[in-house]
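Right, one structure below, let's go through it.
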Amino acid sequence: MTSTQVNGNVPAFLNENPKDRIVVLGVPLPLLERVGLFVLLAAVVVLPMVYDGYDIYEFGKILMYMLAVLGLNLLTGFNGQFSLGHSAFFAVGAYSTAIMMDQLGMPYWTTIIPAAAVCFVAGFLFGLPALRLDGLFLALATFALAIATPQLLKYDGIAHLTGGVQGIVLDTPYPPAWIDSIVMSITGEELSVDRWKYMFTAFVAVIMFAGAWNLVHSRTGRALIAIRDNPLSAKTMGINLAMFKSSAFGVSAMYTGVAGSLFAIMDEYLAPESFTFAEAIKFLVGGVVGGIASLFGAIFGGWFVLEIPNIADLVASSLADYINNPQGLTGLIYGLFLIFTVYVMPMGAAGLVQILVHRISTKR
Amino acid sequence: MSTGILEVEDVQVRFGGIVALDGVSFTMPEGKIVGLIGPNGAGKTTLFNCLSRLYIPNDGDIRFKGKTILDSPPHHIADIGIGRTFQNLALFSTMTVLENVMVGGHSATRSDFMSNALRLPWRRREEQALRERSAALIDYLGLGDVAHTTVGGLPFGTQKRVELARALASEPELLLMDEPAGGLNHDELEELGNVIQQIRDERGVTVLLVEHHMGLVMSISDKVVAIDFGKKISEGTPEEVQNDPEVIRAYLGTGG
Amino acid sequence: MALLEIKGLKAYYGQIEALHGFDLELEEGEITAVLGANGAGKTTTLRAICGMVKAGGAITVEGENVVGMSTESIVAKHKIAHVPEGRGTFVRVSTEENLRLGAFTRRDREIEKDYERVYHYFPRLKERRSQQAGTLSGGEQQMLAVGRALMLRPKIMLLDEPSFGLAPIITEELFDILGQINKEEGVAMLVVEQNANLALAISKNAYLLETGNVAMMGPADQIMNDEQVRKSYLGY
Amino acid sequence: MKMLTTTMVSAVALTLAIGAAEARNAPGVTAKEIKIGNTNPYSGPAAAYSAIAKAIGACFDMQNGEGGVNGRQINFISVDDGYSPPRTVEQTRKLVEREKVAFLFQGLGTPTNSAVHTYMNKKKVPQLFVATGATKWGDPKNFPWTMGWQPNYQSEGIAYARYLLENNPDAKIGILYQNDDYGKDYVHGLENGLGAKAASMIIARESFEVTDPTVDSPIVNLKNSGADTFYNISTPKFAAQAIAKNFELNWAPLHLLNSVSNSIGSVVSKAGFEKGQGMISAAYLMDPTDPEWKSHDEYKAWNAWMDEYYPDGDKADSFTVLGYSACKTMIHVLENAGDDLSRENIMAQAASMKNYRAPMLLPGIKINTSASDFYPIEQWQLMRLKGEGWERFGDIIDGAVGSGS
Amino acid sequence: MDLFIEQTVSGLATGAIYACLALAVVMIYQAIDHFNFAQGEMAMFSTYIAWYLMDDAGLGLPFWVAFVACIVLSFIGGAAIERIVFAPISDAPVLSHIIVFIALFSMFNSLAGFLFDFTPKNFETPFGHTPFIDGVISSHRVGMIAVTLILLGLIYAFFRFTPIGLAMRAAAASPESARLVGVRVGFMLALGWGLAASVGAVAGMLIAPITFLTPDMMLGTLLYGFAGAVVGGLTSPLGAVIGGFMVGILENWMGTFVVGSQLKLTVALVLIIVVLLVKPAGLLGRVVVKRV
């Protein structure tokens, strides 16, 4: 066996970052990115100090949706497999957590990891037949899965676990006493449940985001992208297509499933109606609008799916002077928004940012 | 028949009623360059696809280092030491040159979903080693300037070299090259010839070269196999094959 | 004035300039070969002529500049039939339906008659007339592609690598027929081909492309017999 | 005046218990305005119900035009939740915490209201007169801030059970129900009402999903089960399908049609009167399309209001009646609260209605609540389809849950 | 009568609903090589238009006038959607198209509820609702099956015998080659959308007398329509019709004898996946032979 000699003197280009050459408004791009990342992280930490109640709840939901969208991005954006059925995995995660809390009396925070495992297995298993389906047909199969999900959740055979049509009401996730006492000693106030839920969500979300980041920028991530770009030559490079594609499905389901777990904990209630086809659509819309092969795009996507119905509401109610009961038109406005977004940002927000950076940057 | 690093024995491939390969046999001596020539549609690419296990022959056997490769799934072929380049570029178009070459090193690395997501220390060491090794290859093939460029936008000839680098990244003992000279001008061609010979001499890699450019094939090959209509029509040194009347009739043409 | 006249042809794929501004002419009723290595720009040239890539410069057909015109209009108006690389047969429909599609822009009543004309050149297609085109052999598909082009009653045929993937004997047969079509129907042809010998044998003139430029042009027989040219450009 | 005094006393007691330091009025209440929140499915699969909220809005418009409630204008903020529980949570929290509404009124749907059930009670914000017939809304012990309005689904099931036990104790019942909380509540109601005989009388159950195109297949099964009584728990579209399909199959059991779908205008006439003769249903509201009410004063008032304030509403749609009547109940409660518009008092007033007759309730039906009875309407009257209208028969039936045999 | 036979007949009648919609699915698939997830909502909206044209509250036109007018309007609407909404993003990735389908879905659903409210509407049928075979099947259902078969014949003839139909298939399958023979691909796409919208309108008008007309009438139906089209083969109108009938019958059999009514929709899901796995081209679809 021959081996390439690495004789210590590594070529200079290896350690240079092509982004170093891009300067945006006088600041090198990598620095700008680092500052941006820092600001983002700081925001995640600072938010619960500033906000409480509904506001912090909304921020938590954005992070929750971000995770769900991220899950779909890993599959669709990085691996090129469509799914219109991720509401199913969202449901599996949420119900896993709920059943563990409700039936087994497990504390909420212990349910995340087992729920993630369950979702991974579920995704992996669905990924196996999905291996043989091409893009459009996979979209169709997953579409069917999404439509069938609420019905499956209601099925009498498992109703004693899922609560059937009634759903499950969960216990409030109070913060652990030690955290509460730390917060108390610093601020002199009790830590509100809303703030704690946010902190818990943010903790999980940041860890999962970092994991996704590592995954994408690694051997595994390269393999996933290679499969998307050119499956045949990926195979020739020694990439086990079946293993990677199914695992990608599993990991994707796991991310969306953990989002489901967090959802259950956050809303303290879940019912089959929470996991309809509309939910799967939300994730897809979030993914495409954020930028389907972008991790940071998922943050924007999470925000978008949470806020765009509100914006549609707002637009609708501002029509009240001209039309009777304009609220019936929210669906229409929502649709127009989507089309508009696709026109303006065909590559999603991430793509738009890239183009903008390209426009206003100067190369050294 | 002497044994070599690769033995192709009586390989037959049929698509529906069409016979694409009809009992082709030859042997590749270790550390040599073997040229495979034949007209378009003669079955060269089909044979290639058999060697990289993208197709399974209907009949016959292919042995690499004495062991059949027909039991191995396609993604193991890189593992056991066979690398290849494609006739119509098959690069990962959204990735940079460096990343493409690093994918080439996939089979030589081991990290998985879990270790990658957690960024375990050994994985980072492996990644760094792969980066360095890939960089060395990129340097070796003179692609340093474009290492961080997305391959999709590179000129054809450059992409061909990226393919070569990518194939070498798996540290193959046998390298299958499908029309590497296509689209190269004559300076580049000469360089390519040198590179292939270097790969043989410095790295001890055995090369199977499918090429239309007779100048290249005849000048660097140690042995040439000619096929037509899915059958081997000639085998021998470049001179022998070049002068084989059958080859002239079917391939080189009377005018040549 | 030549039937087809190209001046300063440039072509782009996205940001990349693939052709760097060369001239080319095709006379009425003649066959001209375009030779060169992979990636030299032969295919791009043909695609530019029928409006399938963004082109610069002038492409004049029958005195009209077609740069910027849609493919459909060029085909319909100037009767240019393109036989693309990889044949571009409609694999899901039958042989005869493929032929019918070739005559899609014609409004005359002789379409039925022209099936027989095609079958006259390619009797094998007649046997396979109701077969799904995807099930035809490579050679038959190539014949079908040429036959489909004929159905347009073209003035110009653009042939991209007609020998691609064909056994030599089939290739020879095909080129014989192409020559025959040229003679009998007076169709001008621009043939892009790797197999230089074959192409030169039926051509009057030939162009040698190298990386987006014309490296050489001249009468086909002259190029065929020039040892130096063969060595450096044609690879044997 | 006695009633008023008790109310005052209990309100004061509640206020004291909760802490007298609080401001007198609820958030969202000013000298000129009362903010009321509402969630409704304006989009999505349950959008048909949005007619209720639209009617309520129009009803408050009328009230505001007439000077509001005790000099205060009603600001009715109704937002879309698409019948999606998570969205209900978001919207409700926004209404309570950002819009600072005084309370929520007529939020629609069981899963959606369930999603904010705990929240509202923890926050001590009234979740009044929710627009769903589930039984769980009348649980003052555990959820003192939540109250339903319409009679619950179970009680209607009980009413039918009583009828069957009296008139046909050997009935063989086949059930068609929508596979969700609403359908199952109806089934439970019937089972409770039949008591020990349920197991022997109910011989077949078939469910369907709202996404199913038709209910043909379950009906074929029910017919083949040999049932002679058909308990039809389905929403208007499916109910109309079922009536038509029975007819097509020549199956003529005793058809018990749930009140959700007994509108003459939007169901029975659509399916065809001749196909539904003899059907039995129950009602607590007047059917606006029933000619019987044309000369009734309340109908006339309703009709005039429709014409003026909700002209694009569908007069055949019984949801408009429901919204109107519920709105009137709300106004009644607010009027009773007088100038003490604290959340506690509003809740206390809602929980102390005595024999209140909201307009458009059937004659004889009254609203009664108490600190331990959070079921405002619990009465039904049965009726039978005859010709082109319902013919009510028998007494007003009390269908309180637990009152079955 | 025997339960099995009754369920089969009932399945056949429901299957006709799916078959109608499956035809529309095949139509659009042949025309754009894609599914249209908004197809059901478009058909529903078309049906409302027909209702408006016919109903006394609307224009009060006679049935057949409204029928034809609705088909024409749907055609124009479908073609306009292609030209206005899809033509500008023809180069965008498939996912963007799916997002636009979703947008259309939401828009038509919302608009129908807004314009026509949600109370079920009675949709007239020229066949009447009288028993055809007493106690088994009504005249409308028989009429519906007949119209479905006529429609099948028309679509088959269109694709098989007209140059335009041929060109449309060619344009969808290989747009580049189609342009090379002078087919205006953009025009074909618009035409395909228009025709698919028309077929959808006919499907809607046949279905509505049974299911009653509501904005959500196509929600679940579309999935069964997809299932029918997939089972029969997306390239074959005949396959789609047979597939639609099969799904209807299978659904009833499974619901009655095997899994119970709660899992009927899941049956459609499993059917789609199994067929796609075992026979990707469907029962009657043509396998595209590829040669390397």
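We call the chains A, B, C, D and E, going by the order they appear; numbering starts again at 1 in every chain.
Note that a residue touches a chain if its C-beta (ideal position, glycine included) is under 8 Å from a C-beta of that chain, and two chains touch if they have at least 3 such contacts.
Being a predicted model, the structure only gives us computed values, none of them experimental.
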- Note on the structure: Separation of chain B from chain D in touching-chain steps, minimised, is 2
- Item | Distance-maximising chain from chain C - centres being C-alpha averages | D
- Query: Counting C-beta pairs in contact, does A-D beat A-B or the other way around?
  - Reply: A-B
- Task: Starting from the mean Cα coordinates of chain B and chain E, work out the distance between those two points in Å.
- Result: 50
- Message: Counting only Cα atoms for the centres, state how far chain A is from chain C in Å.
- Response: 51
- How many angstrom lie between the CA centroids of chain D and chain E, rounded to a whole number? 37
- Message: Distance between chain B and chain C based on Cα centroids, please, to the nearest Å.
- Response: 32
- Message: At least two partner chains per residue is the criterion; list those residues in chain A.
- Response: 147, 151, 154, 325, 328, 330-331, 334
- Query: Which chain E residues sit where two or more other chains touch them?
  - Reply: 106, 109-110, 113, 220, 223, 262, 265, 289, 291
- Residues of chain C that touch two or more other chains: which are they? 135, 138
- Item | Footprint of chain B on chain C - complex, ascending | 14-16, 37-40, 135, 137-138, 163-168, 171, 194-195, 197-198, 210-211, 224, 230-232, 235-236
- Complex contacts: residues of chain E adjacent to chain D: 3, 6-7, 10-11, 13-14, 17-18, 106, 109-110, 113, 117-122, 129, 131, 134-138, 207, 210-212, 214-217, 219-221, 223-224, 251-252, 255-256, 261-262, 264-265
- Query: For chain E, which residues count as touching chain C in their complex?
  - Reply: 163, 166-167, 169-170, 173-174, 176-185, 235, 286, 288-291
- Note on the structure: Per the touch rule, the chain A residues reaching chain B in their complex are 1-6, 10-14, 16-18, 211-212, 214-215, 218-223, 225-226, 229-230, 232-241, 247, 251
- Residue set of chain B touching chain A in the complex reads 52, 54, 73-79, 81, 83-84, 86, 90-95, 98-99, 102-104, 106-107, 109, 111-113, 116-119, 123, 126-127, 129-133, 135-139, 144-145, 147-149, 166, 168, 170-171, 173, 203-205
